[in-house]
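These notes open a run of structures that come right after.
After this come two complexes, each holding chain A, first together with chain B and then together with chain C.
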Partner chain A sequence: MQELIVILVDGLVFSSYLFMVSVGLTVIFGVMKILNVTHGAFYAFGAYMSATLIGAYYNTDLPEFGGFLAIFAAAIIVGVFFGIVLERGLLRFLYHRDEHIIVLATFAMFLVLEDVLLMIWGTDPYYAYEPMALLGAVDIVELTFDVYSLTLIGLAVIVALGLWLGLTKTKWGKLLLAVIFDREISQAMGINVTVVFTVTFVVGSIMGALGGAYIAPTISVSPGIGVEVIVLSFAVVVIGGMGSIPGAIIGALLVGISRAAAVHKFPEIELFVIYAIMALVLAIRPEGLFAPPQARKI
Partner chain B sequence: MRYIDKTVVGLSIAFLVLLFADFFMAEWVRFIGLQSLARGAVALGLLVLWRTGLVSFGHALYFGFGAYAAAMLTLVGYHDAFFLVFAGTLAAGVLAFLLGFLLRRYRAIFFALLNMAFSMILYGVIVKTEALGSTDGFSVLTPTFLGYAPKGEAVQTTLFIFTLVFTYIVTVGVHLYLKTTLGGMSMAVRENEIRVEYLGYSAEKVIHVKYVFSGLVAGFGGAIMALAIGQVDPDSMANWTVSGEFVFITILSGIGNVGATYIGALVFELIRTYAFEYAPLFWQFILGGSLLAIIMFLPDGIWSLFGRLRRSDSSESSSSSNKAPSP
Partner chain C sequence: MKTFEKAGRATLLATGLAAAMGLSTGIANAAESVIMAVPTFLTGAGAPAFGVPARNGAEVIIEAINKGTLPAPYDKSGKGLAGRQIQALIYDESGGGVKQVAEFRNKVQKQGVDLFVGYISSGTCAAITPVAEELKMLTIFPICGTPRIFEEIDKTPKYVFRTMGHATADGVAEALYVKANLPDVKGYTGINQNYAWGQDSWRDFDLAMKQLMPSVPVSDKTQWPKIFSGQYGAEISALMLSKEPLVHSSLWGGDLEAFIFQGSARGLFRKKQLLFSVADTSVYRLGKKAPAGAILGARGPYGIFAANIDTPLNNWFRKVYQDRYSVPPVGGSYQAAQGVLAAKFAYDKAAAANGGKFPSKDQVIAALEGSTFQGIAAPVHMNRSNGHQAATKHMIGVLQWDKEAGGPIMTKVTEFGPDCVMPPPGVNGTEWLKGGMKGAKC
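And then the complex of A and B:
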């Protein structure tokens, strides 16, 4: 029983983390049909920027809880900067090309940014544990969890709700849905698809950076953290159906809880279980669990 | 048969020249050459798929599987290069045949990603297997060649000849296969699968055969690589970044000609070696930058340069175009 609760809480925390890192990817894919490998670099930059800003913040005498603002500031700075530079500077020249070429271009960009990261921050790990220490720990059924990780669940819920409200209740969301549904017709109806693309890419980038920025206090921020995140978020997004936000939630829960169960029960299959689920889901539903049906063009 | 196949002639000349050059090559050149041949073979497998409009982001699966199959056989006492490479190739081929039943139903990005999922399963298995050295991998002992056990520099020289002969056979084989009706179906499947079905061919079968071919040559490349480096480890054999590098080589070479994949692999290897040599911290930057440059300015790869030189000869060079009509 106790083990079950541990698995559930661990699983929920990990699922929230997965949702946070993969939701940006699915938003970008849903609107632009681009599988963005650079996402891993946004994550890494978010984490580094957050660690730096948190460190700088706690060197001043400002109120302690303000450190959380540093996290969000880091995500916005990184997301807006790289989102605009990448979309305007590179991707817009490639929209007419084959989708695999675009994936490869983002892969190239990922390689480039990995080293830019090293140029800026070097190879030493960074730690920014202050926000985590600030919130302390809590006991759930005689087991200690740190509160900061639990707040990740809350953040994931807020982001999911925010995206859902933004997409269904606002004018911008409706324009976006129109573009997702049919790019050409929306353009013909007077929607500025170019702006929609840029804004979507920036929002997706901020999400990716926020994933890294928020997780930064709980890990040692070191080179190479982006590589694993990419495949993890690919798995989540593919399981749920690419471009679907409910899909990302279900995918994150499925992967997060199975991995937590594997970690506690069969640690030797921990890495393997995620991709096994991905392969299994794709074998049964080729386009993922929540992907909208596609018409075959003859 | 009056018709002379220029590609076969070109490959044969290159083969003879390299065979001769083997005796004069500096050791590091030979080492780069070996790696290029191994990686080029994998890119050849991707080329076969790419002509059908399919890109795999997981061919490190077959590369790693071939490498580990060969390396594991050395652990149980087999050291003959012929046997090891044959076993590695076959193992990857069998795996591709089995997974092909599932993968042939997938297209576009789903095909790419499902391949990646399978390759990451292999990666996960290797990393978690202590007996196979986990993330460190293990070393592969020097192979023998039908009883001949070379020492010192002769090892690499022999291995180079061995690799060259088999790469030649494999490449000409793939080229001839692409000339057959079944091989020629790739363009048709890429352009319009449904019409292919109406004409009475099974597109899935075409794809399955190609998939097995690509798995075989990738396994071959992996087995050669294991022997050439004398070491197998998951991060340079089975991780997803390795698959990315193979796709990179395919883009670099272009899909115009089977021989181009080796030129692409050589260029890749040179960029990487020199970037690593002169800017060890920024080699990914240089690699990524060159990939971007190729995508932006040379969309049909290095091979299209040859095409520009002899535009009148349209037998093979003009067939490459990876631009899709914009949706």
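And then the complex of A and C:
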């Protein structure tokens, strides 16, 4: 019983991590139909900015819990800046081009941003463990867990709820859904698709940066951290269905809990589990579990 | 003269274009110098732990060789390699085996490189070895850990050398240390990255333990996280739930540091005895966050293990490195510097045997094969794999925080001779371990 509960907790924590790092990717694809490889760079920049701001904050005499604000500030700074610069400065010139060209362009931007990151922060790792140390640890079924990692579950729930409410209960969300369903008809009906695209890309960028910013206190923030995230995000998004937020949630839960179970019961297949699930889902439903319905145009 | 060329992607592109146009790329007086390519991780996850420290270590030594300021025993050997200045072409090892093989060919065939001293990743070394032999290019691997280079990929190398011990030595030294210091250990488990290095490390430690402490049970749930995964919550839970008190790990770099942060927050290091193969790369950076009480290795007398080795060369290296980079040298720094020293030793020895004239490539190879030269902190014996594989002494100890000095120190250090931890010449490491490590001189 203890092991079962531990698998569930570990699985939920990892699922939350997966959801946080993949939700930005799925939001952008859902609206803009762009497979945004730059997402990995947003994650990395979010982590570096978070580590920098946290470090700077804890060098002051300000209240300790204020350091958490640095995490969200980092995500917003990185997401807004890169979201606007990339969407307005690059992607808007490519919307009429083939999807493959856009993927290649975002991949090129990812490589460029990786080097920009090295120019700014160098190759030395950055540490920002203070928030994790501050929250301490708690025992669950006689096993110690750090509270910070558990808060990731809460953050993922808040983000998922926020996106669901935003999409279904607000005027802006309904406009987004209309664009997701049919971009051309939405434009014909007077929706300013250009603004929708820019805002969506910025929101997706903030989500990507928030994933990195929140994870930063638990890792060594060092070069290359964005690469792994792209692979994981793609796996989750493909399983759930490209562009589906419920799909990202289910995909993250499926992968996270299966992986935790593998680690505890069959650790030698841990690496295999994520891709086995992906292969299985794609074999049964090539469009993913929750892919939004495609309008049939005549 | 431009000595170092630090190439990022842009520089590499520019270099490639210039080479394609038949232009000089900062290597103007090639006839009067030795062009030494030094591939190392300058970007990506391998850069902080190994790549950049390795570059730094190589830079320090190359500069001193060119100026003729190396201390004893190299203080009377003159400037450069057999009198010729080294022109170092330092470039990025990132990108994987296919890209590196292409770079290797490019450097050899278009840029006239005379020798390579570099490569960190076991995967890259495995890809480069057959190509180096095919192109007849003198190539010195200072770091790659996998034993497979000369045990499987090329059993009779002519042009490829490795100037440090390999993962088998880690496993044996660690098991010997456990036997001596934890004789009553009730079992062991492990967490190692699921690729060549992690698998080899665990295999050799496990085989050595089975020979030295056959009654100690091993877990059937050792952990195999993906390299660069960075998230170890479930693995830490599994390790904490396991009944085995000893945990072996060859994690390195960002993975190691993330594991330490996440494990510390959950009390893993209070509950389990950790044994890290190559954690020396992180101890200075982590400072007090490094887990005191953990058993550490560095695959030889490198990094923090060399802190108290009192020789002119080691004292000089540590001081110059610290002054220049504001951090002490770690394992990668020592190992890369040792690779460059091997070239210095071989060229000078070959020139002396050649009547003082600059030696041919074959003469340099003959000089290095089977030789013993002085590394930064200990002698290096090139006496395995037909004289192409090095054996050095090995050191294992327990990490502690020195309050007075305000830094990490190694305590309870045990030294193991090269013939104790490395398989004898001509013997496959795995077979040697399975056969009870016959011939080991401990």
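Heads up, the rule we're going with is that the second predicted complex is superposed on the first by the 293 of 298 C-alpha atoms of A that agree within 3 Å, B and C clash if a C-alpha of one lies under 4 Å from a C-alpha of the other, contacts with A are read in each partner's own complex, and residues count from 1 in each chain.
Following the convention adopted for this analysis, a contact is a pair of C-beta atoms (placed from the backbone, for glycine too) under 8 Å apart; a residue touches a chain by one contact, two chains touch by 3 or more.
Note that this is a predicted model, so its numbers are computed, not measured.
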| item | value |
| --- | --- |
| Chain C versus chain B on the shared chain A, clash or fit after superposition | clash |
| Touching partner for A:Met132 - first (chain B), second (chain C), both, neither | second |
| Which of chain B and chain C A:Ala178 touches, first, second, both or neither | neither |
| Chain B versus chain C as contact partner of A:Glu99, first or second or both or neither | first |
| Which superposed partner A:Glu270 touches (first chain B, second chain C, both, neither) | both |
| Which superposed partner A:Ala235 touches (first chain B, second chain C, both, neither) | first |
| Touching partner for A:Val193 - first (chain B), second (chain C), both, neither | neither |
| Touched partner set for A:Val80, first chain B, second chain C, both or neither | neither |
| Which of chain B and chain C A:Thr144 touches, first, second, both or neither | second |
| Partner chain(s) touched by A:Leu69 [first = chain B, second = chain C, both, neither] | neither |
| Doubly contacted chain A residues - partners chain C and chain B | 111, 114-115, 118, 123, 227, 268, 270-271 |
| Residues on chain C engaged by chain A in the complex (per definition of touch) | 8-10, 42-48, 51-52, 194, 221-226, 228-231, 233-235, 237-238, 240-241, 253-254, 256-258, 261-262, 265-267, 285-286, 289 |
| Chain B residues touching chain A - in the complex, by the definition given at the top | 55, 57, 102, 105-106, 108-110, 112-114, 116-118, 120-121, 123-125, 127-128, 192, 194, 239-241, 244, 247-248, 251, 281-285, 287-289, 291-292, 295-296, 299, 322-324, 326-327 |
| Residues of chain A defined as touching chain B within the complex | 35, 37, 90, 93-101, 103-105, 107-112, 114-116, 118-119, 123, 183, 227, 230-231, 234-235, 238, 242, 268-272, 274-276, 278-279, 282-283, 286-287, 296, 298 |
| Residues on chain A engaged by chain C in the complex (per definition of touch) | 2-3, 6-7, 9-11, 13-14, 17, 111, 114-115, 118, 123-125, 127, 129, 132-133, 137, 143-146, 148-149, 215, 217-220, 222-225, 227-228, 259-260, 263-265, 267-268, 270-271 |
